[in-house]
Amino acid sequence: MTKTVAMEKMLKKADLAAWMAKLEQTRLFAPALEDEDVWNYMPVADAKAVGLDHPNTIRPPKGFVFPQREVLYKFSQIPSEAPILTETLPDPEPTVVFGVRPCDSRGLVRQDIVFTKEYEDPYYHGRRAKVIYVGQACNTPPSANCFCSSVGGSPCAEDGLDVLMTELDGVYHVKAVTARGAELLAKGGDLFKEASDADKASVLKTHAAAKAHPQRPIKDLGKVAGALKKNFDSPAWDEMAKACIGCGICTFLCPTCHCFDINDEVTCSSPCSGERVRTWDTCQFPDFTMHTSGHNPRHDLGSRLRQRVCHKFLYFVENHDTQQCTGCGRCVSLCPVGIDIVSVVERLGQP
Amino acid sequence: MIDVAQLKAHAKGLLEKGTVRTVFGYRKSTAGLLAEPAGITEAAQADDLIFDPSCVQNLALYLVNDKKHQAEKRSDDKRPVAVVAKGCDSRAITVLLQENHFSRESVHVIGVSCEGTGVVDARKLARKLGNKKALAVAFDGADAFAVTTNEGTQSIAAAEVMAERCLECRSAHPTLSDVVFGEAKAERGLHTPFQAVKAKIKESEEDRWAYWSRQFDRCLRCYACRSVCPMCYCDECVVDSISFVIAPDTTAEEKANRIKWIERSPAKSESAMYHMVRAIHLAGRCIDCAECERVCPVNIPLRLLNTRLEMEAFETFQYNPGSDPELPTLTSSFRDTDPNSFIR
Amino acid sequence: MAKVEQTAKDETGFEPKIVAFLCKWCSSAGSDLAGVSRLQYPSNAVPITIMCSGSMSPMFVLSAFNKGADGVLVSGCHPGDCHYLKGNFYARRKIYLVQKLLQFIGLENDRFRMSWVSAAEGAKFAQVMHDFVTDIKKIGPQTRLKAKRP
Amino acid sequence: MTKRTGVFVCHCGNNIAATVDVVRVAEELGREEGVVYSKDYVYMCSDPGQSTMAKAIKENKLDGVVVSCCSPTLHEKTFRDVTEEGGGLNSFRCEIANIREQCAWVHSDKPKATEKALKITKAAVKRVQHNQSLTPIGVPVTRKVLVIGGGIAGIQASLDLANAGFEVILVEKNPTVGGHMIQLSETFPTLDCSQCILSPKMVEISKHKNIKLLTQAEVKEISGFVGNFKAKIHQKAVYVDPETCKICDDCAKVCPTVVSNEYDVGLTSRRAIFIPFAQAIPATYTLDESACLGLNPVVCGKCAEVCEAGAINYDMRPKVITEEIGAIIVATGFDLYGKENLGEYGMGRYADVLDGLQFERLCSASGPTGGHVLRPSDHKEPKNVVFIQCAGSRDPETHCAYCSKICCMYTAKHATLYKHHVPDGQAYVFYIDIRSGGKGYEEFVQRSMERDEVMYLRGRVSKVYEKSGKMIVLGVDTISGKNVEIEADMVVLALAMQPSQGTADAAKTLKIGRDKDGFLAEAHPKLRPVESVTGGIFLAGAAQAPKDIPETVCQASAAASKVIQLLSKDELMHSPTVAKVRLSHCTGCEMCVQACPYGAIDLGAPSNKARVNDVLCEGCGTCQAVCLRAAIDVKNVAQVQIHDMINACLGV
């Protein structure tokens, strides 16, 4: 969305905190332990404590621009009078998010498509304009279930990022990808050194090594969509969903899932007032497709698994020419019963 | 030592003879160390079955899900379903029998012994192994697990990496079964039950609230906790449902009168109420399989919350869920001697 | 010390919002007797008459706190006196569990109370109301379980 | 949810208006959602008030009404009648907001009281907007009554009912009616002859066209509910046709088997074919199957041989009788506390230690000794008789905790009777307290002490043993503080009364509760003492608690009048605010079934989901609170109503 610029600098690891300190009037977030074993983007309370050698966060960074709950407007009504509606467009403080993994930033690009292409969502864009993403290249895969390279990404992809940082020996290679990113680097002033040719070569080497790490493969990515279409009525969907418990983990924690529900939350019943809010919803819940009559076109777990996989690997490809899945592996690692999107694609997405 | 070959042969026999419709058991997962639940219908698939400390899930859930599925399909296949059940899982089946969820004849319980230990806690194991990645885990006598990593196999004291609930388990052997594999090791007592609850009770009210406030705050409302719970078998959750039961005779009035006790928004107050209602509805029904806590992606200590009332059931009302399918439930019974002094 | 604190809080003019669930046959009748006897007590508690304390669903308690109640009272017939024979025994067990859970998550202990008030105990009803309001005034507004309402 | 609610705020003169700003309440309620009419009035319950209300309901086409006034116990009925009769709106569409007893009268700060009155009234509006129109449930009744137990309680109840025109089935386990009362010699405090007052009633039972007497019969199964029960009664084969039996006694004379006679409490014996006593009803011989040699001419057959009337038939078989009835009276009576429990008093070991009933038989003119008090061991007249009260009663540690109530009186009677029979003898009574409440009772006891010189010793007996033909009674007189030793010729124990085996059986068959001592539980200890917890089942006599004859007769007549009240209409009217199951949500877990205090819920075919019997349901809502999935609700007090009321109370 912003014009690409190339600016490569070097930052001593020890100077990361100093850089953060210079980013005044900005909310800073970085991965941290929210609780035992729970990595999440947390406000940077003490910049010195921030390290970017984290496994991937439980929650993807999509919530910064697509929060789980968004108030669309407020309403109130006195009986027999016209209702009063009040606009509530978001106006967040400028925010910088550090430590975004390239799979998640590629997820943002996919969110951008959804919230821009046919209709420009003011709530999404109101937030998107204020958030700067500083990426962190994955020198080693942060999870055993990573497969970014198998879906067209890479551990050092720049899509969706404003800045990409790569950890070298004692230093970060910091590359501004967008103008916003360049501004961010500029705020660091002389904390940054210009990257030398040797540094550049070193980064290339590190990136190449990262890409060489074995990941879970998907054969013939280009043919997956067609195969899925062909296998739409396969009984294997039911079989593979047999263990599914029908929770929302895979979708709520997916960096690209973007479905929502809209509800009125009445805060006072007399006189009536409240908020119209949108909250994350998921195709994995029965009420997602349930009709008022009680009829549910996607009534079983198999059809819901098919929807999730086909949305990622078939419908999105048909509509936007790219897979929606970016291979972060969260849905595989966090599934309580081991439902594995790679295995599903392997089985039903191969010609 | 449990002989998995026998387990496989038994399952195979059942499917070959056609005496059961499905066998729910465990098999190796492609997604990680922990086993995955498998519902097998062909005798050949029985070879995939495993039983080792990675078999954490409570498969009683699949009896519940299978019942729904059968009803949806309007299937008239009335053959029983077989299920592999650990001690805790068998107690869940007992509670389901107690609540008439299905009949005893409709389920064939293949009991498996935890061999005096229990199942592994993947998070604890990962911490213990550091950089090494566990590939497989097996029983290794009465107090150890044999853990295979990319660097070979090592023996680890079970108590170090075992699930908390197994450390406090009150019945490690199936209490209800049609056939049992493995040795009954009834005598065990690794930890006193309810110690985590008792430690939490000792904290100050402010500390307790600070703790739970933090937990409820980060709930995603993905409902994995109740989706995985065999006792949360309601088609429509009273407190916040993601599914609605609508029958042909459901009137518009009934639809309109659905009570919205809480909002879908992931706010602390709403999530707190959701988890508390669930805890109350589990009182006297929770058999401490701790699946809710295990599956929570943000590590909310749901076992701690739910065992709070289990402790009351056990210690105050001498009620042990899953011990007797003929008992009335905890809240639909009382004794004259129930606590009264808390009432003014 | 406690006394100083109490006056300090009182001066803020905090008036607790209380929901009192009264069983129809004993406690509600007891409150009627308090009325007939003109016994004065604070007006903070709004009564909801239910058929029997046995019909008190835990959802009602939690919902009241969710909707911002500073205190919730459940009052029924004394054990053995239930109009419906044993409803209050079921209530006692259930309310006990709810109370333990609320304490466990750290809601202030005094916010949820159960009492036995018979139809003859008008004075006791007034006393229960008085004590409850006094105790809640000491601990201040309930913010822990209350939904944020703009 | 209804949309046209009307609110009527009553000033109650100054009773409410002095502390609640009623005008403001009416104004503010007028702005509530769904409220189309809201007015205050000085006295809603007055004639003009009622007319205003009726008129407003009609003119504004109201579909829900809230009257904000005094306690519903006072005027709920008034305003519901106005709603229905004056306004033409179903009476269940009217709710009361109590702003007097629960608000105006207990607060003095007007703004605060007004705030509270507003919340109370708003809550009532929320409730009424979900109310359904209901009509009382009418259930047809079977105007026939089953009385279980043919003692004085059953006899009295049966006669009262039969005389009121109801058909009665009287079921008695023994071969004759009469119960324990027919064994008594005289009754306190008037000393009239028990047989003389009871026999005519027994005869009336046998002659009454409305009474069907089934002796040697037991109720084995009860199904159905109030007004519509079905009973399965098993009647033993009696082998003697009562119609043809001439009561000539020829059969008994030839019968070779001799067994103990129950009527004389084992003091005499009888044959296998026998009549319990001369005045037995039905007046017929009967063959005791368990004592007979074989019911077979090959084995014995002597009785059939000698019976000239040909009344004896060995081929008779037990019968199962099914009866439809509308109500049941349980009058299954008491047994004496087992003598085996009182070894310290030598009962069962010494022939001259007797229980009260045996002593009654000794005093009775029709008894084994022809009305002479003689020792069973040697048939000599006893000169010293010790009566021990509370033998098994009031002893929570080892025996029964309760007081058997009648023993003080019958012991005084026994001592008196003894003195009448043996004027030169001495009677001693060991007692804890003397409980003689009752008309003429205290005077009777005093008379026994003063005129008959009965020696009352306050204290317990520790031991009774035999020494050279005498019963040595060791006790303590707590008044003098001295140990007492009496050489008695006879000892009579006032054994505790306990629920009879028949009572225990009936409780089980009828599924009615028993108290901690095993007596049948009444629905309310003060206000519903003759009703069981289950609608349509009533209690009479000592099955419910120890009691004497007048009290038993009172309770029997009371139970009969309750039944008459119940069955006097063609239909039973039952409150329609009963529980209703949402079948789509019910999973049949049975928690409500377990918790229902009235047994009003069961699992119904074909889907095994909860099913409420509207007639048994009292609408308490216990089921609603135990149901985990809100699959059951009480009509017009549904959870959605409570939910909305909570909101209204909290102003959200």
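Which chain is which? They are A, B, C and D, in the order written, and residues in each are numbered from 1.
Criterion: a residue touches a chain if its C-beta (ideal position, glycine included) is under 8 Å from a C-beta of that chain, and two chains touch if they have at least 3 such contacts.
Quick caveat: nothing in here was measured; it's all calculated off a predicted structure.
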item	value
Contact-richer chain pair (by C-beta pairs counted) among B-C and C-D	C-D
Distance-maximising chain from chain C - centres being C-alpha averages	A
Distance between the centres, which are taken as Cα means, of chain D and chain C, whole angstrom	37
Whole-Å separation of chain centres (CA-atom averages), chain B against chain D	48
Chain centre separation (chain A, chain B; CA means) in Å	31
Where chain D touches two or more other chains at once, by residue number	595, 626, 639, 643, 647, 651-652
Chain A residues counted as touching two or more neighbouring chains	267-268
Multi-chain contact residues (two or more partners), chain C	58-59, 63, 86, 90, 94, 147, 149
Complex contacts: residues of chain D adjacent to chain C	71-73, 98, 100-109, 112-113, 115-116, 119-120, 123, 523, 533, 595, 597-598, 618-622, 624-626, 634, 637, 639, 642-643, 645-647, 649-652
Footprint of chain B on chain D - complex, ascending	1, 130, 582-585, 587-592, 594-595, 603, 608, 626, 628-630, 638-640, 643
Chain A residues touching chain B - in the complex, by the definition given at the top	34-38, 40, 58-59, 68-69, 144-145, 242-243, 245-249, 252-253, 261, 263, 265, 277, 279, 282, 285-287, 290, 292-294, 299-300, 332-340, 342-343
In the complex with chain D, residue positions of chain C that touch it	15, 17, 19, 28-29, 31-36, 38-43, 46-52, 54-60, 63-64, 67-69, 83-87, 90-91, 94, 126, 149
Residues on chain A engaged by chain D in the complex (per definition of touch)	78-79, 267-272
